[in-house]
Amino acid sequence: MLINYPFIAVFFIASVIFPFIPLIMGYLVAPKRPTEGKKSTYECGLEAIGDIWVQFRVQYYLYAIAFVVFDVEVVFLYPWAVSFGQIGVFALIAMSIFLLILVASLIYDWRKGALEWI
Amino acid sequence: MDDIVVQVLIMLVQVVVLVLAISTGFAYLTLFERRLLARMQNRVGPNRAGPGGFLQPAADAVKLFFKEDVIPTLVDRGVYLLAPALAVIPALLIWAVIPFGCLNIAGDYQACFADPATNPNLHNIFQLADIDIGVLYLLAITSIGVYGITLAGWASNSKYAMLGGIRASAQLISYELALSSAVLAAVMMAGTLSTHEVIYQQMTMWFVIPQLLGFVLFLISGTAELVRAPFDLVEAEQELTSGYNAEYGSMKFALFFMSEYIKMIAISAIAVTLYLGGWNAPGLELLGSLMTGMAGPLVGSIAVGLASFLVFLVKVVLILFLFVWMRASWPRVRYDKLMYMGWKWLLPLALLNVAMTAVFVVVLPDALIHSVALFVASLVVMAVAYVVSSRVKPAPSRSRIKMVQPEVPRRPSS
Amino acid sequence: MELLIQIIFVLISTLILGAAVMVVRTRNVIHSALWLIASFFGIGALYLLLEAEFLAIAQVLIYVGAISVLILFAIMLTHNVTSGEGHKFYQRWWLALLVSLMLFAVILVPTLVGQDWTITARPSEESAIAGAVEMGTAFMREYLLPFEIAAVLLLVALTGAIVIAYEERAQRRRILTLAQELALRKQQQQNHAEE
């Protein structure tokens, strides 16, 4: 049903424009009396100290890697999910091998402690 | 040629009406939530602006428009201004494929209830676009929702905002996996990715029965995906002073607020579409045939359209009520427990649900039998999960730090 | 209609190329990542224009929704790299130029020259694997082996990431892996028993 994509394209353009309408309207009507204090970064009422750039923990990266891996897996599973009814038992076996390999990686993650949040 | 002009006009009207309807829905959802929360906390809630507080959203909007538009000095201006828009755009885009009713303007009402594969004669103006991969589209758009929050956190150049933003992105990606795996099982039941066809497949039985486990997983991970209570770590007021939007004010803040609530309606609508039979309800076909008999096919079609929209609305409001109820009832979870739950409970359970569904559907080809079997299996799995989770000792990850203690000299044995 | 599609094609490819140029032009790494996301998104739109809807959605889901998050996290794992300071040209810029010229000559030129650019009839509907159902069936039949190998590849990727991350973690702070922790716990219990 590719005929429907123009609708999505038009809706995409509309939704891209939409958030800028209130932003621009707000910019036009809102009062602007900036002072140094107002424009400073909030930090519990004190002067902001130091850089925000702290080195984040490697844990975040591990989660992101695991996420990419499982996301790819899920994307692979979707075409299978809509066609496995037509193929039957063979599809079941092929997919269980695929899933088992991935579950193995999840278990490895788990045992290795990569899913722990310290 | 005229035909194309008419089509384009219908399309433009649809798009504009949809965008306006969503923003109205957002406005009244805030009122709905505030009134309901107030009731649950034994308060009255906003009731002064208009009858029963009916004009409160308009008053809020006017107030936000006239708030001073402060852009802090240290922010990354471009990204800082882009981030609220990036949050709202995906929230709106989700709505492109959601069928919120069935009003066939190309013919009679029966096209709504007929097999879509053999009946191309359906022009449903209550659904913007029925694409072949609608469900995947929903997931793809949900997955780009993470950027608004992450970039707001980074661009604000504030420590709280940065922490809130980075926490949010880790939370969102973790629960997105559980979400898409839960949806996968529903897709397996339906055998299609088109949202209209998913509803057609639920004409005999709503998927909430065979996919009870999937539905529960969807609701939990959906709440986390919305960063709402009890998973609203991102905006933990006490620790992060509202997190990623700490440096945002006036209309820019309103847009973040808006994206959260639009997404909340959207997630409810997805839940209704995938699990609760969408716009369909028993008796709609009867209504259609009655109205067609009385006043012709066009009236019958319109009657079915409006009634189905009403049914959809009622179902969505029920799920929204559930979201507000959860917010009123449960305290915020701790961050490590949140990640723990997403990866060690929801994802394995969702994969188990997929495996379970595959086996039952292939082994028991009869739809009724495998649905009942899956329902029972879902109940069993949930019961086992409940028992196991209540026996697991709390916070196992904390113990690791305590393990590395300085060695205490042993007491001299007397 | 053809003209409209061509206009859209030109717009999308301008977006892709422009964004790609901006990726290497901007000094700020986060901005680069943002332009990269825009470029990925444009490629998804291009797939859609080729009527490969599943591929288009997969592109958005994986590249825009997952890989880019990974890239952002990877940037945030590093030290401060967004300050915008830096050399305009690195010392070995000529090496980079050489490598890219060679890549261009080896990969792009043969494709550009060798491709028959005259458009023949559209491929028949049956031979195209564009929809999700056809793709799923093909995964189970012709492409079963690549499909399973993909799973192994994913497993290797995850394992590798953990191995690398844990090596770094062990150096950065004294946090034990689960196996080490179990060993430590056992030892402590033994100590306790001896007492």
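Per-chain residue numbering starts at 1, and chain names A, B and C are given in the order in which the chains are listed.
Heads up, the rule we're going with is that a contact is a pair of C-beta atoms (placed from the backbone, for glycine too) under 8 Å apart; a residue touches a chain by one contact, two chains touch by 3 or more.
Just so it is clear, the model here is predicted, and its values are computed rather than measured.
J.: Would you identify the chain whose C-alpha centroid lies closest to the centroid of all protein C-alpha atoms displayed?
T.: Per-chain C-alpha centroids ranked by distance to the global centroid put A first.
J.: Determine which of the two chain pairs, A-B or B-C, is joined by the larger number of C-beta pairs in contact.
T.: A-B
J.: Nearest whole angstrom, what separates the Cα centre of chain A from the Cα centre of chain B?
T.: 14
J.: What's the distance between the Cα centroids of chain B and chain C, rounded to whole Å?
T.: That gives a centre separation of 27 Å.
J.: Where in chain A do residues touch two or more of the other chains?
T.: Residue numbers touching two or more other chains: 2, 5, 56, 60, 64, 66-67, 71, 75, 78, 81-82, 84, 91, 116, 118.
J.: Mark out which residues of chain B touch at least two other chains, giving numbers and ranges.
T.: Those would be 131-132, 136, 143, 166, 173, 176, 193, 400-401.
J.: Return the residues of chain C touching two or more other chains; collapse runs of consecutive numbers into ranges.
T.: 53-54, 58, 61, 65-66, 69, 73, 76, 132, 175, 181
J.: State the interface residues of chain C toward chain B in the complex, per the touch definition above.
T.: Interface residues on the chain C side: 28, 30-31, 34, 37, 53-54, 57-58, 60-61, 64-66, 69, 72-73, 76, 131-132, 174-176, 181, 184-185, 188, 195.
J.: Could you list, by residue number, the parts of chain C that touch chain A in their complex?
T.: So the residues of chain C touching chain A come out as 48, 51, 53-54, 58, 61-62, 65-67, 69-70, 73-74, 76-80, 82, 132-137, 139-140, 144, 147-148, 150-152, 154-155, 157-159, 161-162, 165-166, 168-169, 172, 175, 177-179, 181.
J.: Under the stated contact criterion, what part of chain B meets chain A in this complex?
T.: Where chain B meets chain A, its residues are 11-12, 14-16, 18-19, 23, 64-74, 81, 84-85, 88-89, 92-93, 95-97, 128-132, 135-136, 143, 156-160, 162, 166, 170, 173-174, 176-177, 180-181, 184, 187-188, 191-194, 241, 246-247, 250-252, 254-255, 335-336, 339-340, 343-344, 347-348, 351, 354-355, 358-359, 361-362, 396-397, 400-401.
J.: Can you name the residues of chain A that touch chain B in the complex?
T.: 1-2, 4-8, 10-12, 14-16, 18-20, 22-23, 25-27, 29-34, 38-44, 48, 52, 56, 60, 63-64, 66-67, 70-71, 74-75, 77-78, 81-82, 84-85, 88-89, 91-92, 95-96, 99, 103, 106, 110, 115-118
J.: So in the complex, the part of chain B that touches chain C is made up of which residues?
T.: My answer: residues 76, 78-79, 131-133, 136-137, 139-141, 143-144, 146-147, 150-151, 154, 166, 169, 173, 176, 193, 400-401, 403-404, 410.
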